[in-house]
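As written, the chain order gives the labels A, B, C, D, E and F, with residue 1 at the start of each chain.
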Amino acid sequence: MRIKVIIPNSSVELRDEQTIHRKSVASPGTEIDVVCLPRGPVSIESSVDISYAAPSLMEEIMKAEREGYDAITIDGALDPTLRAAKEAVGVPVVGGGEASRVIALLLGDKFSVITMLPNAVKVAKTVISASGMSSRCASVRSVDIPVLDLKNYEATRNRILAEATKAIHEDGADVIVLGCTAMAKLALDLQGELKAPVVEPASAAIKLAEILIQMKLKPAF
Amino acid sequence: MRIKVIIPNSSVELRDEQTIHRKSVASPGTEIDVVCLPRGPVSIESSVDISYAAPSLMEEIMKAEREGYDAITIDGALDPTLRAAKEAVGVPVVGGGEASRVIALLLGDKFSVITMLPNAVKVAKTVISASGMSSRCASVRSVDIPVLDLKNYEATRNRILAEATKAIHEDGADVIVLGCTAMAKLALDLQGELKAPVVEPASAAIKLAEILIQMKLKPAF
Amino acid sequence: MRIKVIIPNSSVELRDEQTIHRKSVASPGTEIDVVCLPRGPVSIESSVDISYAAPSLMEEIMKAEREGYDAITIDGALDPTLRAAKEAVGVPVVGGGEASRVIALLLGDKFSVITMLPNAVKVAKTVISASGMSSRCASVRSVDIPVLDLKNYEATRNRILAEATKAIHEDGADVIVLGCTAMAKLALDLQGELKAPVVEPASAAIKLAEILIQMKLKPAF
Amino acid sequence: MRIKVIIPNSSVELRDEQTIHRKSVASPGTEIDVVCLPRGPVSIESSVDISYAAPSLMEEIMKAEREGYDAITIDGALDPTLRAAKEAVGVPVVGGGEASRVIALLLGDKFSVITMLPNAVKVAKTVISASGMSSRCASVRSVDIPVLDLKNYEATRNRILAEATKAIHEDGADVIVLGCTAMAKLALDLQGELKAPVVEPASAAIKLAEILIQMKLKPAF
Amino acid sequence: MRIKVIIPNSSVELRDEQTIHRKSVASPGTEIDVVCLPRGPVSIESSVDISYAAPSLMEEIMKAEREGYDAITIDGALDPTLRAAKEAVGVPVVGGGEASRVIALLLGDKFSVITMLPNAVKVAKTVISASGMSSRCASVRSVDIPVLDLKNYEATRNRILAEATKAIHEDGADVIVLGCTAMAKLALDLQGELKAPVVEPASAAIKLAEILIQMKLKPAF
Amino acid sequence: MRIKVIIPNSSVELRDEQTIHRKSVASPGTEIDVVCLPRGPVSIESSVDISYAAPSLMEEIMKAEREGYDAITIDGALDPTLRAAKEAVGVPVVGGGEASRVIALLLGDKFSVITMLPNAVKVAKTVISASGMSSRCASVRSVDIPVLDLKNYEATRNRILAEATKAIHEDGADVIVLGCTAMAKLALDLQGELKAPVVEPASAAIKLAEILIQMKLKPAF
């Protein structure tokens, strides 16, 4: 099967590394192609970013269907245009944010999301509330690092560890959800340190897309 | 004060009539200018329509701020890009859907929304759920008439009356909210017939925009 | 149009100042008359106060309708007898608490209410919960100053600033709602300091009453 | 122990019969005294009725405490002034509506309330919603019989049976709550017919008041 | 009337003391018999404990019905098998957890539960959430003392006082619910100290069982 | 990887057919072993059934971990002992009910569950409510066919089609969730007929178990 991974921003800097990671999580026999948007915001951290990315992202999604992909992932944590994409195409479309929360539901009572920027905290909360999952969400916290500064691995890891520890001990979370698809490499490392499940959204979206294809399930709309 | 009314679609057919109506609801001293989108969907009845209208709508919103308008209304019932608009500009932005529901809260215990097309029912429900107002919403019903066929006044009126009557007697609504800004002329007529308040979203947005200006209140983001 | 503002307590000390303020927020052409209750509690800070004010307040409300007022505001933040008033009369009745929360919904994701006394915190929470808006309320906090001691402007302002700052930074509020109609003069000053919208209930009720009259909307019951 | 039962209306017609019933449900050793309000509405079926009954009811409640009663019940299904009463006195105060719903929670998954008049349906729903129990309430239905016409036993019983049957089979209720304290005699008869628990509010309030006394529990406020 | 109190664990150490306490709270004329499980976990502090206790507990419940008891209490705070028990027998079955929360609803706006072990906090939250009462629950806190170490009265009391005080002042609780039936003797002492109602689950279950018998009410299923 | 599928009942009649089906949905390289309980109820359709199956099911779950399986599925739609299983073992445990609802969340706005027996409707609703997903559930309906009578393929299919059609057109569902793991073969057939996604719980659990293994995620407790 063939899955198109669409990174909903125009930042090509991280794409090569992300492509290697996305291909690494696919099952044997799954072909993964990764694209960024030809134009649009450099990262998705606000409702404004979501609005500007929308048509360009929708075009990539419909193009992927025409190209014969069996499923599509929107490789971001705030799920831009996700519902519209499900309306528009006849193959499974899975968003990173939705995927990671759905996996978290299988692992514990309450999850906390760790976003990069404080502004994304509010947007993530509205997305979670709109999905009807607020009662399973312990908190949304931010590490206050811009996505494009994530390259300092050690500093990022320590900031996330600090916030995730507060989420577990102060907010009552038992599962940590990463609120950005650019932190993918950190998940297993953090999980070992925290002794709690850490869900990474880009992988979650690809794995769920694979099983929707296998189960012959398509969007309802 | 000056308010820019942005109709979030590219249908110029109804614009003249809507302009007359919007100017008629403004207070003395309020200058109203009405625009459609230069490009974008012909009407907003799905999440796909919302995605495609987004950047064009955002550009009009930011242009309106640059032009010195004191407030902006998004003249639709599904509130496309509303949260992003509040992030992007420093003047009040009011959406028709949000405005009409907020007015409904002042009038009764539960409101029902009457949309044009069945597909918009699901979208309207997700918007209401995301706004945290589901417990005040008795139902969302549809008259199954495309927006651009609304010109048959009598037929539209009778279909809305039928659904609104069911909303009141079967679903427990006490306030009716029109789920389309192209039905503006019908509101008072329906209200007389139904003996229940009928809230029209385009007017609600303009009136609330006026008082946000007067109260010197701006979006939080 | 003529609006009757009914202060739901018998404290005449603040009335002159409040009358000046209420008249100042009315639109040109709106006539405002302000009354206190002829008998009843000196302020409304508990469910007991609400019970004792009830019949006297209802009598004033029905008297206002007989006197031909086009709308009525209940000039308090805990909305005493508000639903009953909407049942009893055929003109719009708007309560300060409801009005201020409804305006807050238009401005941000979550609001916090700042009340005067700790006891009013619990009562305000039950009012907000009954209105179905708990998911949009970040917190209710108190400054612990009795209403009748509000005259010390500077001390009151500093206490509110301190609690509002906590509401924004610790509780996640983006809009502040004043939980008392005797703090009206403070709103703009606080808003400048906090860099966040501050909604004042007495003004909110008057402005919403004006637009309900203009929209020809009456209570549902 | 001594319990004061306060019927929150001024209708003395039903009082003798109600006094006999209330005494019959008390435990051995419990002394029951029943009073109506000296003035106030003839029955409580709206928010207006609740407002008008309030101070007279509060006076009776505080008088009962001064008279040394160990607990008080507000013998109505819409719980007028209940929260205020708990603020005002230091002995247990139990309302019929609250008591009947709390007992229903012990018996099944979802309850339905059967009120007398259609208007009381809306008021009962706001009371249930304010109490946070909406998720356990299958429906509120009405038999459309004024309280003071309840004397036609057979007709009342058949109308309640019809609505309760719909509540069970159409709305998913498994417990029926009577929404009026004037139907007390019907409960066991209906329960036999419906093969479902039927909770009568006046008895529920007295029995719960007895055990709060025995457990030495008093209102929190 | 005869009530069977079933302690849902196999720890006979505390049984004699608990038997004396349970008999002491019964009304005159109520015969109380107390049993532990013949086999099963030594205490119920996790979902695993609940699963292991289940069939043994169900057998005791059905045996009690065969023995002619008029009602049954499940003498624990996490309500193991409670819903199943209501399905299985035709006499009232009341669980300590459910009973204590229902009594708390009658006393204040929000309750907090104080459990023994941190793990039980999460389980108690899922039970409360499943019961639809989360909006009335201020918090669940733990004193971190294993049930079988409760014998150190003074230390236990001080730890509970500390957590209950935080529940009241930091979480907004006005009623304290003990989250373990082995702390029964502490309730009145704590109540005096805290100046807030303290509800003890074992007593609450027995008293509610008594009144369900008196009201001739049986489970719905 | 090796997954143990535990059918939470003692009915061996359907096991061979179910084994063939479960193996057919596994990915290449996944080894599936299917067991029934050595003792316990013949099917799980009530809370009583869940209680009786509990310890036997827990023993099989812990035995599976000792046998070195990489994940476990509880092959039922009411998720008996699911939370306890996650507490007890260190490998992923996925329940059919939870798995099917989680997949449904990825496909549409609202799902409806179709159970076999009317009694299971109430139990399924309590499970969904406890999981915090009620706002995404349009309805739970029953076809009123005992699980062990499912062999009449045509009749079962037609009854499910009838209820699923009502769920879509009357209740507003856009995804159908089968409420029994014995209907597995029907899913694709129904999906073709209904033009809506149909989620089968036994497959959903296996596919999600596979990806939890691949993502190195384990239960939180």
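Criterion: contacts are C-beta pairs under 8 Å (C-beta built on N, C-alpha and C of every residue); 3 or more make two chains touch, one makes a residue touch a chain.
The structure presented is a predicted model; accordingly, all values stated were derived computationally and were not measured.
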Chains in simultaneous contact with chain A and chain C: B, E
Minimum number of chain-to-chain touching steps separating chain A from chain D: 2
Inter-copy rotation, chain B to chain D, in degrees (Cα atoms; steps of 5): 120
Gap in Å, rounded to a whole number, between the CA centres of chain F and chain B: 43
Distance from chain F to chain A - Cα centre to Cα centre, in angstrom: 27
Mean-CA-position distance for chain E and chain B (Å): 52
Residues of chain F whose C-beta touches two or more other chains: 86, 109, 122, 126, 129, 132, 135, 174, 221
Interchain pairs in contact, sorted by label: A-B, A-C, A-E, A-F, B-C, B-D, B-F, C-D, C-E, D-E, D-F, E-F
Residues of chain C touching chain D in the complex: 46-48, 50-52, 54-55, 57-58, 81, 83-84, 86-88, 119, 122, 126, 129-130, 132, 221
Complex interface listing, chain A residues touching chain F: 25, 27-29, 86, 92, 94, 98-99, 102-103, 105-109, 131-133, 135-136, 174-175, 188, 191, 196-197, 199-200, 203-204, 207-208, 210-212, 214-221
Parts of chain B lying in touch with chain F, wherever the complex brings them together: 121-122, 125-126, 129, 134
Chain C-facing residues of chain E, complex: 109, 135, 172, 174
